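First chain A sits with chain B, and in the next complex the same chain sits with chain C.
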Partner chain A sequence: MSARSDAIVIGGGLNGLVAATYLAKAGRKVLLLEAEEILGGSCRASAALPGVRASLGAHALTALDPRLVKDLGLRGLKFAARDLPTVALRPDGHHLVLGRDAHASARAIAAQSPADAETYRRMRSEIFALGRAMRPLWWDGLSDAFSDPLFSRLKVASATAFLSNLESEPLKAAIAFDAGMPMQSGSALALVWRAAQEMCGLQGAMAMPFGGVAALADMLIIAAQAAGIEIRTKARVAKILADSAVAGVSLDTGEEIYSRAVLSSLSRRETLLDLSPTAAAGFSETARLERAAPLTGDAAILFLLNAAPDFGAPNGRFLIAERLDAYAAAESIAREGRLPDELLIEAVVATAADPSLAPTGLHVLSVRVHGLPLAPEGGSAEIIKRVIAALERHTPHLRERIIGLDIRLPYEQDVFSGERLAAAYAERVETPVEGLFLCGTGAEPMNAISGRAGRLAAGIAQAWLAREKRA
Partner chain B sequence: MRYDAAIIGAGANGLAAAATLGQAGLKVIVLERAAVCGGRAVTREFHPGFCASPFVDELPQIPVEIFHALDLARHGAVFVPTLSSLALWPDRKHEVLHWTGSEAFNRLGAVARKRANEIRTRALTDAALAPERRWFGGAPTPASWPGEGWSNDSLTEFLSESLSGDDAHMHALAAALSGRAADPFAVGSALHLLTGDGGGTVMGGLWTLASALEAAARAAGAEISLGLEVADIRLRGQHAVGVHLADGTQIEARAVISTLDLRRTFFSLFAWKDLPKAVEQCVSRYRYAAGRARLLLALDAPPPLEADFAQGPIHIAADTNAHAKAHDSWRNGIVPDQPPLTLRLVSAADPRLAPIGKAVLTATLGCVPHRLFDGAWTNEKRTALRDRTLAQIEAALPGVTASVAGSELIVPPDIEEQLGITEGDLDGGEIAPDQMFSFRGFAEHPGSRTPIGGLYLGGTSPAFGTCAAGVIAARAVMADLK
Partner chain C sequence: MSMLVRATPFHSRAAAANRLNAWANRNGYTLASHYGDANAEALAPHTTAAIADVSWRWRVSIEGARAEEFLSRLLTRNPAKLTPGQAFKALWLTDHGAVRGAGAVARLGRETFRLVSTQSDLDWIASGAALFDVRVSEIEEGGLAIIGPYANKIFDAAGFGEALNALTFRKMFWRGLDIMLTRFGEHGGFEVWCKPDDAPILWGRLLKAGEPLAMKLVGLQAMDVLDLEAGVPRPERDYDAARDGFAMAPTPYDLKLESLIDYDHLLFNGRTAFLSTPRSQTRVGVELDGDRPAPYTNLMRNGQRVGATMNSLYSPALQRAIALAIVDVASAEPGTRLTLPDGTAAKVVSLPFLSVPDSIAE
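Up next is the complex of A and B:
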């Protein structure tokens, strides 16, 4: 048994590292427990493809917290691509390129629907303005900083309804990709959330760091070590010890470690249902979490290719989603455990921006498939088959070029809701168990690599520790 | 001719609005395009000797205060409360399970009714206030509505939370979604519970209610013009100053209440060029989710049902997934294989609807699309739907179809055409979190007010109950004309 620490952080992914580092910098004694052998969580480079630095967790960054870069001194973070345009792929080759230049995007849209060009421009500036206004809530967790009738409407509006003034289906489908489940109420706010984010000083951009997302994880590990955190890998937490307040954790080896606070970077469901003692969260909350079981998730695939794929469009973030209806169809099919007929795919040629991500001469195509059942019929083999077929419609001869791949099946994440997105950070970070906080995916308003949940959870936990000491 | 208020549409809402304004001493005219008053509150003979209300069997409850204020009982509206709600499980081989109002089910109904009551009270009080002068910085965020919390719940989730037992769950689900098209898994679908159950059947059919309302309006001094459609609303600047009738008559009015739905009001009563862009966008963004079809059956012999159970609605229970599947087909413009079905032996509660010894059975189907993926509603498609529904009825009540003497099928386009309701959606818009409460109509113009000055919306609004939307609009008019 090691000496009692102030806080235990469960999970050495991005948010876990950030939370631990902030707490350590505030003078706390922190123990970081990671179940795997290496740190980095979903940010670390694929293990199945030696020499490849791309990661399955994310192919690019859309929401990295700018404060993190400043506070933790991540000056080494350089970007290979600062602003990847969105390219909605069409089977006829008339791809729709939506980039930073509003006029160029409008021209591209006007080729299909002149009315949409104007509507898109207005909608985009509206969303961007609202996004900027919402930053106090989403960046600093200040919930009372914003109140607007439009906001209360978007909180319950679906992206489908929000986009209904547009007429071109491919355009709607492309915008809706950021909304997660665009027919769900509250998903309109997800579009605003995306627009509130900033990468490299550009609002709503998608950027690729040199060395991939794994480089960011590496820098955070260095920062964490420099801050003097005790790190234990291959330490899988089996249970959180708590009765009225949290007492510590027990590992699957049976070892018990005590601390005053525990920060979990797992989802709310996993933390409160699987790790905590039965009904520690209270009966109604437990029942609510049990009912809110997610049925669908995203799968990620990395293809290692021996020749660059050709999408017939400038490099960008390629989307395969032709109709808005496809999202609803995919959702209802996925609910039955089957793979949707029309897969919704986001693909990035990671090596086009940064060739160092793969051994010389090889290329990495990073793919995310949206809205798949958690346990699909046919398993990963079927998903891979279907994804390759879908991609080959846009980039021929892909199959012959594949020399290796790695896949991450859809996994459980907390279900999206407009209410959760509009809530203050504190509501997502705090749990009914005294001293237990969420600092990772469970505390983020949306699934994205941002590190904000870690930073704000550390602040909340720190305030709690200071208060407890006095008491 | 100059009036204080012109009311478009002589349905329950229009007549109630007219009576309310008339009682306040205002000079009112009601303009109805049909030859009779009533709107959806009609009863007609669909087969010689057999009558039924073609669109609905029962209207949502008329709020008590309105019922008394308009003195409807004296004008002839006598309500028979609906006491039972029955669920049938046709797929259970050895028994047909009757299940009526378990305690939890009734408690849920009571909660929903209470919520709806609070919502209505709030809407009625809000309407009586003159709009606040708005300072820069936009309208204040409205205080939350009672029942707004249901915006975050799906119907399935909410029901499994409040009811134990799958049977009660399925019964409540069928009751909430009867005649509608909704995905019970969707967030916010719990709002369907607010639409509440019926306010009881009216002796002599819904038509009697219409004539009672008409009598109340006339007694209050309102003028009713029948048979002439309103062609458009006259505007001066951004202010409504009267209406044009189809025959060219001009009617001047200080306020205009439209009881048509949002899209119909703005897109059929205004020239497109007159509408501000923002209004046009808001209106075209509004969604409708019509899914109601009706099959009226004249029966030579009453079906073998126990008298206690026969009076209320009989829901053919289906599980959540079946509802979700039906909604899926609806979304794609396909008539589901097993549309959600509610039967009602209307002649049991009101024997005057059928000749002695015979019966009238109505079937309400949900998730029947307004627009089919393969074109119009042809005769073959209607026949196919009728046959399929009869087979479903036969499975639930064996032997009934043999006694069918005549029938009439009504699909959403029929409702649209006969009642002038967009897509035939009797709820006046999809029941979704972003279309309820403050978001019904125009968020910036709370209640029944619109961006066009002097124009008020008094059309159907779920959760308000019959007549209430009209009275709410009337109160807003009174507050503003003061």
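Up next is the complex of A and C:
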């Protein structure tokens, strides 16, 4: 075995790669452990569809950290679409297009509710202004308390309540898609978080990189290798070794690897309940985490098509969510393990912006289904059947065009909470175990591909390593 | 814990001896407050010997293949260092390093431990144990403590055999009874535990063994005075132990219980938080000017509040009122002059005020 490293990073997904690269650039000896054969985590290109570069992790980016693009010199990152408009699909064909042009959006909304056009404009500028003000917290992890009265109100408000000033159900349902769980306390702040993000210099935009998110992962793998990180694939971590402080990890082969710090890309629950020694998080924290078991999650599906789907609208981010109530209904049904009657769907024709994502003449429709049970009855076959049925109401003859598909079932992620969203990064990155940090999904305020958790966790771990002069 | 007041296994005997019908509640049990003269009872452990019903102590059995691992995570000292027959005193802390409980932990076997405390904390210990698949069960037993300079002689007179060292115990079959002898008390002496049904027999035999040595039956008041004189703080009576699992107070420093923490024991719950806790307050003894106790009263120095008393009682042995107090470290030096808000003078003294002699020089 090689000499003991300063830090072990568990998981070679985007955040794991980012955290490892930042630590290595700061002069630390880093070992990255990936359970699978290939790096990239959920960002890697679909393995089930040969020749397809689209990924089940995400079809587009909404929250990529501009700092890491600059710091890690990702000069190859180019965008095929810089600002996909949101298109709320209606069965009657009167789709609601919400784009960058506020006047165009207002006109589209006014067609259904003139009052909403004004309310939407005001709400959007309010949220965007607060989003900009919140960047020190969400971009740099600074914990200065925000005294903004709107912030204090939104961090406990539900998106459902916040949107109650609007009349139009399709408009409310479309906005609520970005709120995570729109019935939950604090979900109103999720809308602000989304507005605080910036893609290609545009606030609250959704952008698609050339080559998909897999291209982003490839660039990060190259950056990680250039930084001199030791990488081991097919190395599944079974346990985190710790007494008063972290000591390293053991693999499922029984091999023990020692290090001063461990950064985990997994969720807080998986890291502290499944991997750490029993009750290492503390008796109360362990009990709290056990109670906070998530029951629902998002599923992703890639459809490979031999003809482009036609939604009867300009290319964008298509949403199927007609009523705000559908979120609460879906959540309560999903918690019982059943598939909701009204599926909440986000779909993007990935190849419309970047044809290189599929072999010539073929098309990729990338779909995300919101709030499904973690172990749905009927399994993936039932989900696929229901998703196709829902999509065919808006793009007929989809079924005949499908020549291949890949699916990622809902998986466990830390449950959304307004408190977690309003907390400083350090609170999400640090754990009760000294030297054990979260650098991935568990440290992000919202589930999104951003890399900020990796960058900020590396900074926090680096400061800890510098302070802790243990042999 | 049930809210019903329970009788101890010695209740029938205690009721017969309780001439003034003076009762008190402790940890859910009815106990004699005194048996006629609380002041005389409080002097007995300093002069001859005292016998008291201690069945009200909370006792649990902790068993399972991972019992040692669980206790190692729970307690501020390492149970792996105990061999069967040994015990130590330790604390258990909240996730954020506040004192949740204190007690004696004895190792009965490789996978069997017993924990004794003056306040029950079943929720915390049982839910923690469940994470390790360890069984926790409360034990109902009769217990009598014998304290004082003649305690060793009574031990011999009763025929308990070879002397016991402090913080050890022995199970034995004694004249037809299954008993357990322990030396866990803060005041020397020893304790005898038996099955509830055997309690009246044990009571009769021990009182008889102590009679020639002027052993006195003492109630809860005298035992509280004894604890206070010895500077032993008890949860519930003297301080509010943390009950929320994330509570940050009282800290071990506030209660001056840091001696029950093994800094080399790396595993215990709340360790990291405890290590970063500042030592800003500590526990001291306070002698009050006069006979009147002043429990839970602010302590002033030059017009500024510097702390507060905990429990306070009149000590017949010291002929004055005394108190335990939590004060700022700057005012903890013995000899520091303080005042109560009503102007009564008070003085910081080192603890214990007075301890029970092991034996009397003859």
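Throughout what follows, the second predicted complex is superposed on the first by the 468 of 471 C-alpha atoms of A that agree within 3 Å, B and C clash if a C-alpha of one lies under 4 Å from a C-alpha of the other, contacts with A are read in each partner's own complex, and residues count from 1 in each chain.
Assume contacts are C-beta pairs under 8 Å (C-beta built on N, C-alpha and C of every residue); 3 or more make two chains touch, one makes a residue touch a chain.
Everything numeric in this text was worked out from a predicted model, so none of it was measured.
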Please work out whether A:S158 is in contact with chain B alone, chain C alone, both, or neither, and reply first, second, both or neither.
first
Considering only touches as defined above, state whether A:A287 meets chain B (first), chain C (second), both or neither.
both
Is the number of chain A residues in contact higher for chain B or for chain C?
B
Check the residue A:T360 against both partner chains and state whether it touches chain B (first), chain C (second), both, or neither.
neither
Once the shared chain is lined up, is A:G186 touching chain B (first), chain C (second), both, or neither of them?
first
Quick check on the output: what are the common chain A residues between the chain B footprint and the chain C footprint?
287
Chain C partner contacts - residues on chain A that touch it in the complex
243-245, 278-287, 432, 434
Chain B partner contacts - residues on chain A that touch it in the complex
147-150, 152-153, 156-158, 161, 164-165, 183-186, 188, 287-288, 291-292, 325, 328-329, 332, 335, 417-419
In their shared complex, at which residues does chain B touch chain A?
138-139, 141-142, 151-152, 157, 160-161, 185-188, 281, 284-285, 287, 324, 328, 331-332, 432-434, 438-439, 443-444
Given the complex, residues on chain C that touch chain A span 66, 69, 73-74, 94-95, 124, 127-128, 131-132, 244-246, 266-267, 269-272
